[in-house]
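Please go over the structures that come below.
Okay, so chain A shows up in both of these, paired with chain B first and chain C after.
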Partner chain A sequence: MSNIFTKRLTKELRDLQANPPAGILIDKADDDLKLWRVVMSGAEGTLYQGEQFKLQFKFSNNYPLESPEVIFLDTVPIHPHIYSNGHICLSILYDQWSPALTISSVCLSIQSMLSSATKKERPPDNAMYIMTAKKSPKATTWAFHDDKV
Partner chain B sequence: MRPPPRATEYEYVDTVNLNLLCCICYCPFIDPVSSPCGHTFCRLCASAALSSAQTCPVDRAPLSLAQLQPAARVITSMVEELQVPRGALEVHVEECGHGLVTCEVCQSAVKNKDIEAHATECPGSTVTCPDCREPILRSGFSEHASICQEATMSCPHISHGCPWEGKRRLFYSDHKSSCPFEAIKGFFILNDQKMDALTRLNMTLKSEISDLRTEIAILRDAPPVPVPAAFLPPIVEETADRMGQLLLDTDLLRGELMNINAGFSALEMRQDVALLNETARLREEMHSVRALCQAVQSQLLNFALDRRKETSSNITSSVLTSTFNALAGSSGDSGNTTGNASPPLSAKKGSAARPVVPGRSDSSTGTKL
Partner chain C sequence: MSDNNPAAGSTSAGDPPAAYDRPTDEQILSFERKIKEPESQAQLVGPLTSFDNLIAEYANGNPAILAKLHALSTSYCGLRATRRDGNCFYRAIAFRLCELLASRRGTPWADAVVLRLGPECREVAKEAGYNMDLMGDFADCWEDAVRDGDVEGAMADSVVCWLRIVTAAVLKKNSDLFEAFILDSYPTLELFIGSQVEPMNVEADQPHIVAIATALGVTIRIGNLDSSSTAEGAMNWHEIDPLEPLAVTSKVDTDGPDPVVELLYRPGHYDIVYKQAA
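Up next is the complex of A and B:
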């Protein structure tokens, strides 16, 4: 399994460094490829235009069969699906994960989630959630908001 | 000519058609399989993915291992085309770092890429001794270092305190004869032997002590040996029960025996009294009978004397006979006989007048038995 893990992440890293998607930049990846930092810029013409956010990807040895743990670090964007502790309510990161998804496709999903926001606000249950949540969002049982927002 | 590599992964020439990449491992397909929904994966990747979720990784359609079919022939041949072209293969085999070459010095097989590193460790190559400058076979170098005359050595008595250090050659020519420790070498040997023996003894004793300690600890912690109480009580209790029963029985018997004894003595006493009464009565009766006899005798005598005076002797005999008859009848009807026959006697002996019949026990003095 760790054979797939290394081959696959090495390829992904090489691809992302060779042709990074717009607004996505690999900040750094550990030597053992288990921890990545990605800088994401708010897309032009959206509420987050001109802002920059840091995403952290944590991979288990079972990647890509198992989803990576993805959270925002430091400055967490104010968004109805993003909690102030950096946890992101996005189904493909949890039970809708598929091994065919990549770091690049996850980044693009998050970016489009940001772009579709019409109002900068925290999820209504933010205060309650950050009090009870574990460190990893993968420990949370997510009830997903509708995908339109 | 080598057979073409048949490993589970291939080395590929640079860029690969993206359609020939497995979406799970991002490598060109190895042993590709296709799903009914039209997606292709490496066989190993697909079975790994399906073991965690039974859906197609691409479109999430329900998918099981059994539904996977070997990929279309065209895909397989396109993947095979990605391999290194034949002509280049031969060139590659010569350059390939993983190919094996034979070391000309030691004749062992070494990987192509390791041949330079091997030169510095080949046991068949020679090295120059840094001390004596002689070329020495690498395999024998460590042996040489221990005998090289030019090598620096310490005096063997360094452990006893000799600070001497110098070339081996000088040790044998100079120092060995002058070393103060060498002179008392025998003492050191003996001393070391003694020390060794003592150390060993000490170790043995220490281990014995620790064994004993653990044994003591075990004994201290162990629960007390249980008394096999379960076996004894029934017997003891039974015996005790029986003993108690026997004691009770004995008491009961003793009481009965005493009752019987008391009964016997009462009976004896009563019989004694009865016997006494009877005897007394019989004695009285005997007295009265005797008195009666005397009275009759005297009357008879008087009669006889009177008769002799008046009549003949034959009459006397008949009177006598009748008298005796009367006497005999008194035993059955004594009251009448005595009363009629001897009125004078009743006055003389009052006590005899009372009717006494032997064998009848209705007299007032009799003790009831």
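Up next is the complex of A and C:
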């Protein structure tokens, strides 16, 4: 499996460096490919235009059969599905992850989630969530109720 | 008095929100792990056993199911239990088809199936928009297992993953047909595929079965072990043929009828069943 892990992430890294999607930039990928930092720019004409955010991707040996752990670092966007500790409520990062998804498609989903926000606000349960949440968002039992934002 | 317990009684403005009473996520996850523990250690595909265990399981249960098991055991020699992890359908198909192909190696049927499940599946996946540069590694796992008759390899999660992709690809290719069944519950076929086909550990249903039979070019027979009463415990079998029949060039009589993959279905689960040698 680690063979698929290395082959897959090497290809993804090469593709992302050669053809990065608009507003997505690989900042750093560790030599063992297990930890990546991605810089994401808010899309033009949205509430996040002109802002830059840093995403961290952590991969287990079982990637891509298992989803990556994805969180925002440092300046966390203010958004109804993003907690102030950087955790992101997005189903494809958890139980709807599929090995057909990529780092690139995950970034585009997060960017599109930012773009469709109509109001900058934290999730209603932010205060309680960050009090009890573990370090990894994958240790959370997520409930997804809103496909619109 | 229940008033001393903040969890009881109606909530008023001063009460903490009810959510404070829920167990922590950590507790929920550890509870979930505990429930799933026996299952997560079960073999992906178990050894071939008689129906005795299953018959014992239903001994004090529904008489109609028991009658079906007894009837089944007169013409079928046994079953392989698969792990109940939501991937059992794909895993059972991969395992059994790999076995059948190894036993019929070199026959026109086997040659036609190998062509269908290899290059033709890759083509369908590519046409459906999957990036074969990335997904090809999973296709390799499946094709290598089939080539080597390696049933261990055929059980792997990477094979389950690839069979999910080809299932999704066939659904997309025949979207006109499948949308009729799916759009009742899902706004689009894409959303159905994204939540019910591509993710691991999500069980297969009728559309998935038709799609995978089509993708692999193999007939799938499913015995439904339900509690309906039937004469002499006759099993309700559902036979699912590929939408596009397999192109078997010549038919050699000695090969006998084309092999089919036979599964036993109980709600939410599929095991592999084996017919007695004629």
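Going forward, the second predicted complex is superposed on the first by the 149 of 149 C-alpha atoms of A that agree within 3 Å, B and C clash if a C-alpha of one lies under 4 Å from a C-alpha of the other, contacts with A are read in each partner's own complex, and residues count from 1 in each chain.
Going forward, a residue touches a chain if its C-beta (ideal position, glycine included) is under 8 Å from a C-beta of that chain, and two chains touch if they have at least 3 such contacts.
Computed from a predicted structure; not experimentally measured.
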Which partner, chain B or chain C, touches more chain A residues: C
According to the stated criteria, A:12 is in contact with first (chain B), second (chain C), both, or neither; which is it? both
If you stack the two complexes on chain A, which partner ends up touching A:83: first (chain B), second (chain C), both, or neither? neither
Touch test for A:98: chain B only (first), chain C only (second), both, or neither? both
Between chain B and chain C, whom does A:72 touch in the aligned arrangement: first, second, both, or neither? neither
Between chain B and chain C, whom does A:125 touch in the aligned arrangement: first, second, both, or neither? second
Classify the contacts of A:36 with the two partner chains as first (chain B alone), second (chain C alone), both, or neither. neither
Name the contact category of A:134: first (chain B only), second (chain C only), both, or neither. second
Contact residues of chain A, present in both the chain B and the chain C interface: 1, 4, 7-8, 11-12, 64-65, 96, 98-100
Interfacial residue positions of chain A with respect to chain C in the complex: 1, 4, 7-8, 11-12, 64-65, 91-92, 95-100, 102, 125, 128, 132-134, 139-141
List of chain C residues in touch with chain A within their complex: 17, 19-20, 24-26, 28-29, 130-131, 133-135, 137-138, 157-158, 161, 164-165, 168, 194-195, 198-201
Chain A to chain B touching residues, read off their complex: 1, 4, 7-8, 11-12, 62, 64-66, 96, 98-100
Could you please specify the touching residues of chain B with respect to chain A in the complex? 23-27, 45, 48-49, 51-53, 55, 57-58, 60
